[in-house]
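Naming follows writing order (A, B and C), and every chain is counted from residue 1.
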Amino acid sequence: MSLFRQRYEEDLRLIGSPQAWVALALLALALVLAPLALPGFLVYNLTLFFIYSLVAVSLAILVGFTGQVSLGHAGFLAAGAYTAGYLSSIGWPFFAGLAAALVVCGLLGLLIGIPALRLEGPYLAIATLGFGLAIQQILNNWALVGASMGLLIDRPTLFGHTFWDDTSYYYLVLGLAALAIWMSFNLERSHLGRAMKAVRDADLAAQMSGVNLAYTKTLAFVLSAALTGVAGALFGPLIGYITPASFNLLLSVKFLLMVVIGGLGFIPGAIIGAAFITGLELWLAGLLAWSQFVLGLVVIALIMLEPLGIYGRWLKVRHWWKMWPL
Amino acid sequence: MAHRVKRLGLWRSITWADYAAQVAALGRELLELGLERGERVALLSENRPEWLVADLAIQSAGGVTVGVYTTSSAEQLLYHLEHSAAAGLILEDAEQYEKWLEIRSQAKSVRWVIAVEPEGFSDLLDWQALLEQGRQRYARQPDPLQARLAAIAPDDVALLMYTSGTTGNPKGAMLTHANLLWAAEALGEVFTFDHHEELLSYLPLSHIVERLISVVAPVRYGHTISFTENLDTVMQNMQEIRPTIFFAVPRIWEKIYSMVELHMQDAHLIKRYAYRWSLRVCGGERRAGLAALAAQAFVLRLLKVRLGLDRVRLAISGAAPISPDILAYFRTIGVDIREGYGLTETSGLVSINRQEVRLGTVGQAFRDVEIKIAEDGEILVRGPGIFKGYFKDEVATAEALKNGWFHTGDIGELSDGYLTITDRKKDIIITAGGKNITPQKIENSLKSSVFINDAVVIGDRRPYLVALLVLDEETVGKWATDRQLPYTTYRDLSQHPAVVKLIESEVARINKRLARVEAIKRFAILPKRLYHEEGEVTATLKVKRASIAQKYAALIESLYEEARN
Amino acid sequence: MDILPQVLISGASVGSIYALVALGLVLLYRTTHILNFAHGDIGVFATFLAFVMLQSLGLSYGLTLVLTLSAALIIGMVIYTLLVKPAKNQSHLGLLILTLGLGLALWGMNALVFGTDNKAVPPIIPDRPLRLAGAAVSQLSLFTALFGVVLMTVLWALLRFTKLGLVMRAVAQNQEVAKALGIPVRQAMLATWAVASVLAAVAALLFAPLTLLQPAMMLDPLSKGFVAAVLGGMNSLPGAVLGGYVLGMTEMLVGTYLLLEFKASFAFLVVLLVLLLRPHGLLGRAKVKRV
């Protein structure tokens, strides 16, 4: 009785079937065993991919769930990286720095989220764009964090062990990223998640059904920014040396591309988009111009062929099979 | 589980203990309301657990249940109430209440009215409240109800079923407790029921077959009955419940068929091909061979799952003749429909195809049923299922029951114990040329077209046959949309020249399969659908010929006019 | 105080460029509701073409200008025909992503074809100081400012007095009704893309002599152009112009008299404040949302 429902939990379950459990187990196994089979630079890039996935997922919460477009997420990433990086350089423990990054970025999200309530569509997008640029410029001229010379960040030390080794840092990031993404899935299934999607689809109707528009939209901004901040805190130690120049508009654009190309509105979509774009860049690494050119063409092709993104296409295929033979 | 009901998207269960307790509670309260032995109580509600509770409660109190079709108009309701002299009325909700309000002043016999969903009406008794009171009262004083139960004799009337009179007013057939008990046993003799059968209740409970399926058989055999939310959700509920026994009138089987065909027209190329291929390799003679096995395993089995028919062990069609094409189609996809035959006056059971199905027949007689063909071909039946008579209508009773045999009014043949129905006696057409035509066969052929929903063949004492056709709005509408033909209403669609041409070609195609005398020379597409409330069809959607012939006399004349000119 | 005229002229010059960029963006947004992130890269491409014509082919300024603008016109039409028209069922975000992809592709193409090294574009008139109202003013800046104004006037005339302009305005106002009235909407879109591309090219051509030509040259002006457009109101052409000049002036004034380093952030703050007071920009009109 696969469609027979006697409890709401049956529909809300995260892992819906034995097949899903198996798939999840295989994925977990692959991720855990990867560093043993892959060369060092791939392990490094996989770690980068995890961090970018986090940003993409956080952007998916903002753009995908509540429909507010942000072109300034590189700014939040920078804020998180710099906060955690600076604090670790003055001796704070890693997790304290992480928490601080989360809080600082959350507050920044609040700072943007509240005015964002008054803005719609293009106005909001450009306002976030300006925000991203402003963050970049402020960091570029702030002597405390090294201004345009940048900041050196060490790998964190936990319980005496320092994560100099790429493989050990990989596991740390994997663990934290997996935790954060699991929480995002739970957000999606929760009442708040549904409220957010209602806001995206029909905000007036949602408001009349009792959803507090201002609260939901602002909270989305805060959560998104905070999550990106956490990603930033992980980003700094990975790269080792951050400058304001690397958190530019292009990076913000890439994050947005990940979310939309992967599948707008779906968390797996954001992760797939991150994988796709990170993979593409890796493949064309070193040939900067080619990398941008190919990325541009691929984006155009994908958006024209499948507006719902890669994950959207996957869902269509799955639906096709589920309905077989009808 | 006795019942399943869908509320707020989830299926809720009602246990047998609950069911029994409710019956006892309501039964006790009915006594308190003054229900006398043998008095009639009318039920006007869609299918829901409360309907069954009410039915059994009324009977427990020694009363007689009169089920009224929910599609009845206010006048039709009044007729039922007056003719049966109902002492009480149990109705469902505001929709039915409106009808009661219209005729309230004229229904003098009704002493009390109970509403299942009172929705704030102050002048009706509240079902919930009554049940509560009844529970307590029964707990304190079970005896009055027990006494009534004990006093029921097998020959006492249990149900008053108004037949879907195709001519004249409905007649009230009296079915006794003995009739029902026999029916339950007869069903069990033919079908081996498992304790865990799942059935869907969606056909009107005022019809004898649905009553047997949802009320009588479950009490005897323990089936679980699931109630559909409404007529539109039947297919969806089928997918959810996946019944093990499925009974449907031919119209429903036709609907499923046309739904699949319609869907396939728009389906992906691969799916379309797989479907057609599967039908090809599994059609015709018995499914054998590797191709057929593959088709069954990879395509048709899953098709049945999508339709909710995958667990059906027993598929039955009855209450009207079914087109052989439809039977063949379902056999191909693996649903072996068995045709059966019965009338309200025979407790719904006369014959059924058992394991050895013979297509085109309605099977062999049930246990203890005797079938005889009269000289003029009319089917006569005798047995424990024959009704007691028509309520307050000795003339009709005498006409129907002669020498202990019930005259069904159907013409048929018997061969090796297998019964074949030819047509309704009254409907046989004798053309001006003296030819005997059975309109049913022609109408069925016409209805096998996906574009035609209903057909009425006219030709009594006329030079040739004409037909009045009702379009299947969905299929024709889609056909028109695909060709970008603009239309607004059903009437519009029915008058559109392109649609007329389409139907012309359909009729021509069907005419080829018929004998020359049976061919439809002219037809007219009716500008509206046929409705029970307007007296054009019965509650079971059987066409009322006389009323149609009268209503559309001008149209019919015009069809004969053209030829003369 | 004696550098005020210089600052004002510089502000006007930079403002002209922002205004031109904003005009192109708003013109397109009004009609198609697309935020065109490829606007800058189209301009850069045109400028590269001009550079090649000037340096390698030795053509005159006049001829180069004509050829370059014609090329921009064609590019705009090609983009519309090949990319935008087929994607008409996309959501706004989808179309935004489309222009982002297009921008990236063009950036990459420019880098691949023309190289990423900085090129110096010879200005149309030498960058000599001019004495104006007792202050030394950059001749080039003055020329840029004036040329910008001239072009905006031409655009205004086009929209106001020609049939094509009327059609474009009608489509911008209400596309559905325009279609129902038989107005050639597709032609209007085609024309809009063409004109917007020309505007992009002119803005880049004016900007190039003030800086160095390289593929990412218009990234900053594009961002500023967007901010200016939003400041003035995304559906108002006069607003775009106003926004451009206000932004340019503010930047120059703040940069000169307050903090040079944070002039962009400050400008952004100003814009944000304006938006808080007028969420649809200075001259923008709020769209009534029908439920």
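Everything below uses one rule, namely that a residue touches a chain if its C-beta (ideal position, glycine included) is under 8 Å from a C-beta of that chain, and two chains touch if they have at least 3 such contacts.
All of these numbers come straight from a predicted model, not from anything done at the bench.
Visitor: Going by C-alpha centres, which chain is most central here?
Guide: Of the chains present, the most centrally placed is A.
Visitor: From the centre of chain C, which other chain's Cα mean sits the farthest off?
Guide: If we average the C-alpha coordinates per chain, B ends up farthest from chain C.
Visitor: Measuring from the mean C-alpha position of chain A to the mean C-alpha position of chain C, what distance in angstrom results?
Guide: 32
Visitor: Using mean C-alpha positions as chain centres, tell me how far chain A is from chain B in Å, no decimals.
Guide: Those two chain centres are 58 Å apart.
Visitor: How many angstrom lie between the centres of chain B and chain C, each centre taken as the mean Cα position?
Guide: Comparing mean C-alpha positions, chain C is 72 Å from chain B.
Visitor: Applying the document's contact rule, which stretches of chain B touch chain A when the two form their complex?
Guide: 9-13, 239-242, 260, 263-264, 267-268, 271, 274-275, 278, 299-300, 302-303, 306
Visitor: What residues of chain A sit close enough to touch chain B in their complex?
Guide: On the chain A side, the touching residues are 1, 3-8, 320, 323-326.
Visitor: In their complex, what parts of chain C are in touch with chain A?
Guide: 29, 35, 37, 83, 86-87, 89-94, 96-98, 100-109, 111-112, 116, 215, 219, 223, 226-227, 229-230, 234, 261-262, 264-265, 268-269, 271-272, 275-276, 279-281, 289, 291
Visitor: Over in the complex, which chain A residues touch chain C? Could you list them?
Guide: For this pair, the touching residues of chain A are 63, 69, 115, 118-123, 125-127, 129-131, 133-134, 137-138, 140-141, 204, 249, 253, 256-257, 260-261, 264, 288-300, 303-304, 307.
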